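One chain, chain A, appears in both complexes that follow, with chain B as partner in the first and chain C in the second.
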Partner chain A sequence: MHPTSLMMTTSLMTIFLLLAYPVLTTLSPAPRAADWALTQVKAAVKLAFFVSLLPLFLFMNEGVEAIITSWNWMNTLTFDVNLSLKFDHYSIIFVPIALYVTWSILEFAAWYMHADPFMNRFFKYLLVFLIAMVVLVTANNMFQLFIGWEGVGIMSFLLIGWWYGRADANTAALQAVVYNRVGDIGLILAMAWMATNLNSWEMQQMFVTAKNFDLTLPLLGLIVAATGKSAQFGLHPWLPSAMEGPTPVSALLHSSTMVVAGIFLLIRMSPLIENNPAALTLCLCLGALTTLFTATCALTQNDIKKIVAFSTSSQLGLMMVTIGLNQPQLAFLHICTHAFFKAMLFLCSGSIIHSLNDEQDIRKMGGMHHLTPVTSSCLTIGSLALTGTPFLAGFFSKDPIIEALNTSHLNAWALTLTLLATSFTAVYSLRVVFFVSMGHPRFNTFSPINENNPMVVNPIKRLAVGSIIAGLLITSNVIPLKTPVMSMPPLLKLAALTVTILGLMVALELASLTNKQLKTTPTLAPHHFSNMLGFFPPIIHRFTPKLNLVLGQTIANQLIDQTWLEKAGPKALVSSNIPLITTTSNAQQGMIKTYLALFLLTLTFAALLVSY
Partner chain B sequence: MTPMHFTFSAAFLLGLAGLAFHRTHLLSALLCLEGMMLSLFLALSLWTLEFSSINFFTSPLLLLAFSACEASAGLALLVATARTHGSDHLKNLSLLQC
Partner chain C sequence: MSKIQQTAVNMAGVGFRKWAQALTKSKGTGISALLSGCRAASGGSKGSLPGSYPTTPEEKAAAAKKYNIRVEDYEPYPDKGEGFGDYPKLPDRSQHERDPWYKWDHPDLRRNWGEPMHWDFDMYIRNRVDTSPSPVDWISMCKQLFGFIGFMLFMFYIGEKFPSYQPVAPKQYPYNNLYLEKGGDPEKQPEEVKNYGI
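For the complex of A and B:
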């Protein structure tokens, strides 16, 4: 066998084994060592990362992609389901990035959760999640993808509800599961359609045989699935609620890996989407709406984790817009760069929260730049990368997206919304940095604030390095599949940058107004709309169930109890018969007069009848 | 029909109506019954005279005798009713009890 493919296959199987080994050792009844989490789990992930670099370098050097089909799972006469792993350029690049980010997050989590009595279980959950995610991205057939999909959904539920004594955490976990389930309906619809029409769940066969079909229905199903998993507008409330989980969970699941699963699904299915203009337009408009709506919601939030969560949602909307532009590779590039700086933003927030004794309100922070310089610097780097500052990681993915949007002959409304959302990104990023790092402290000085522990600082530093150079590294080593439009008017080329700088200037001006009162009464309506998340959760979570319950009550009470049972059924029998019975009983009292009178009357009538 | 015919038929029917639509007293019902008997006596007599049939010359007297028995039976019932129910109000005579 050719050495390259042998090395590729071996290293990829090794990654799976390395990740699965710690989980399998937990099946034995012997208790784990106290530092099992740190030594076994983190070491496994670190080792898996270094092993995954091998296929990455092979790919970058030779362009080697591999598809491994290893096991006939369920084979009927007409339908085969196999265990099939696909290591094309998407999964080869994503797996090392996911492992790198997870390695940093696990090291951080060992510090963050060190006082938790069930830390080993926490790390086990994170590892199981990682395995499910890797299964998802390396799946070559829909069945395996579905296994990974559901796996990440379940682990998300378990991890969001980690502090299950807190009612809000349970509600948030339930919300995540229910919204994901609604999206899963779309995925199962698509899978069923493909099984019945394309006769296979293997992606290669699907792409070849789908050319003659009208694919609108399965693509709609896939878009609904992506809406659920990647928190697009309509199924988005679970993502900010998911911040009830510990910060490592937010950093891993709800910024870099799980929420991009929906976008990743659409990227995998891009050969099917690219010929369907309806699906593309839907993605474009849905993504644009999502990115603007969530950016608006992020403007007035006061919880630092919620701001970062909405920022994630906004970037996911941007990825959806990219898919709507028929640029799956750009979307994937944005997934990769976004993983770095978003995870870093979450880790910085976690470090600040822990230093301030679990204070999450940015109105009660301030002046952290003097107290935790490394963390606040990395916060700034992450925010700059997020807004697309030239030559940081976010620039290499965000700017081409905006350029592609500008030079395409598509929806101008989507373009406007996306540009507006880009400026809002700058605004809320500045808001975070201003309230957290700048100014004077607004908290009590109870806890010792330091950055002496390397387990905090090293992951953040590693991710900062990634945030700076990842964009450059990936774009210079990966061949684009579609030629981007390079020449455009200068204003169009600088559109993203201009809009961001404008947003930044507006935000700076607004920030300087925080200690002045120029208006006598504030305009509350826009603030309330943004702060209450557009009133979407209260309406959907309270109003529609209430309508359902009222409908149920009306049916049970008025339809069944009052109508069927009283007016039309048994009681009606009673109420219509009793007057008849009463009248008859009254007539038949046993009085002779009645009978004699009737006799006479009958006699008269008979006589009249006979004579006429 | 002839006026004579009409007279006793009308008397009979009026007596019957009076019996059927009685109001308060049993005695008035019995009186109506007597009236009916009287009209029947009249009818029987006139019938015999009209058709000159010797055979039925005695029937009116027979009817009279039987009507007297029946009247006395009725009056005995009236007295019994007055004894058990206190009066002869017909509205008390609805239950089959003494």
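For the complex of A and C:
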């Protein structure tokens, strides 16, 4: 075997083993060491990251991609399901990034959760989640992808509901599971269609045999799956609710890795999507609607984690727009750069929240730049990267997306919404930075707020480095598969920057008004729309469960009993027999004319029968 | 029979009688009632089961007492053959609306012991339907949300009709606008097609 592919296979198997080993050691009855989380789990992830750099460098140097089929799992005469791992450029780049981000988050979580009595279990859950995510990303067939898909969904449920004594956390975990399940309907539909029509779940066979089919139905299923997992409009409320979980969970699952699984699915299936204009238009419009809607909701939120959650949702909408532009590689680039700065934003939020004695309301923060300068600087760097500041990480992914959107002969309204959402991004990012870092503290003095603990600062610094250089590194080492449009009018080229600066200026103007008491601000209807998340959760979460539960209760208590007793059972016997009985007994009262009439009737019938 | 044997028979008779008494009078269930004759303090007694629809004021008062409600608050479900019996019709308010700071007996359910349970109690727990008043009324919320969605769908439709980045001129291909490839006559001279110059 060629040494390069041998090395690649070996290193990837090593990564799996390194990640699985700490989980398997938990099966033994011996108790874990007190610092098991830090020494075993974090070290495993860190080591796995460095091992994963080997395939990355091999890929960047030689362009080696590998598909490893290692185990015949379920094989019938006509259908094969194998353990098949695909290390193409998407998974080779994503795995090191995921491991790097996870390493930073685990180090941070060791500080954040140090007072938790079940910290070891927390780390175990995070590790199982990571394994499921790597399984999802490296899957070469739909079955394995589904295993990873469900795995991340279940771990998300367990981690959101980590503080299970809290009813709101339980509700949020339930929301995550139910909304993801609705998306799973689409995925299973697509898988069933593929199994019956394309006769395989292996990606290569699917792409080849699908050329002659009308793929609208399975693609709709895949888009529904992505809507559920990646919180697109319609199935989005679970993502802001998921902020009930601890901040490391929000940083890992609900910003960098799990929520991009839906987009990743569409990227994997991009050879199927690219020839179906209906699917592309749906992705474009859905993504544009999502990105604007969630950016609008983020404008008036006061919980710092909710703002970052909505910004995640908005960026996921942007990724969906990119899929709709038939640019899967750009979407993937945005996934990678987004992982860095979003995870960093969450870690900074977590650090600030913990420092302020678990205060999450930005109206009660302020002046953090004097108290935690590194954290607030990194918050600013992350916000700048998010808004697409030139030459930070977000710029290399966000700007090409906007340029591609501007130069595409596509839905103008989608373009308008995306540009509006880009400016809103600048607005709420400035709002966060203004309320948290700038100005004077709006909280009571606590025991000294500091950044002396390296376990807090080092992960944030590492992710800051990533937020600055990741975009440059990836774009300069990966050759794009689709030629980007290079020449366009200057207005289109600078459109993203222009709208961002406009948004920033508006936000600065509004922020400066907070210091001046000109007149009382009225409560406007758009404020309610934005603050109550478009009224989507109040309406849907009250109406739909009530309808279903009342219907279920009525069916179980009344309809079934009524049917079995009154319509199909004992009373039905009575009600169906009584007319017969009355008719028969009425006819036999002993009246001669009844008998004569019946006699004549019978005679007529017999005559008719004989004649015909 | 000797005196000892007589005593044994007497004791057996006494034991048998006690056992028979326990069996008839006991209120527990199953084997425990049979063997020990003691009854549990919990569990519903026969008088606590729901009964038929109350027609007279005395029945209403008895039902209210059974369900631990005041007589003036007691309102049974209307007798439409749906099978509610004398179960009280409590206001359709979910547990979200109850005081979160009061020291309930069951803090997660926000309920005290002995409180009458709503017929749809499982629907009104804190993980499910919330009936607490919203800052904006229901009609207004529905109008705004569905108006927003309808507006967006309409504008997407308009956007499909008028896409962005319109081309300025028809596309111009090389080789005389692909004259031969499009099936043109090789003998005839094709006419010049020039939509734009570079």
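The rule we apply is simple: the second predicted complex is superposed on the first by the 539 of 612 C-alpha atoms of A that agree within 3 Å, B and C clash if a C-alpha of one lies under 4 Å from a C-alpha of the other, contacts with A are read in each partner's own complex, and residues count from 1 in each chain.
One rule holds in what follows: a contact is a pair of C-beta atoms (placed from the backbone, for glycine too) under 8 Å apart; a residue touches a chain by one contact, two chains touch by 3 or more.
If you're wondering where the values come from, they're calculated on a predicted model, not measured in any experiment.
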item: Partner chain in contact with A:T4 - chain B first, chain C second, else both or neither; value: neither
item: Contacts of A:L596 with chain B and chain C, given as first, second, both or neither; value: first
item: Contacts of A:N276 with chain B and chain C, given as first, second, both or neither; value: neither
item: Chain B versus chain C, judged by how many residues of chain A each one touches; value: C
item: Which of chain B and chain C A:N199 touches, first, second, both or neither; value: neither
item: Chain A to chain C touching residues, read off their complex; value: 165, 167-168, 170-171, 174, 281, 285, 289, 406-416, 525, 528-529, 532, 534-536, 538-539, 541-542, 545-546, 549-550, 553, 557-558, 561
item: Residue ranges of chain B touching chain A (in the complex, touch as defined); value: 16-17, 19-22, 90-91, 93-96
item: Complex contact set, residues of chain C against chain A; value: 82-83, 108, 120, 122-123, 126-131, 134-136, 138, 141-142, 144-145, 148, 152, 155-156, 158-160, 162-167
item: Parts of chain A lying in touch with chain B, wherever the complex brings them together; value: 589-593, 596-597, 599-600
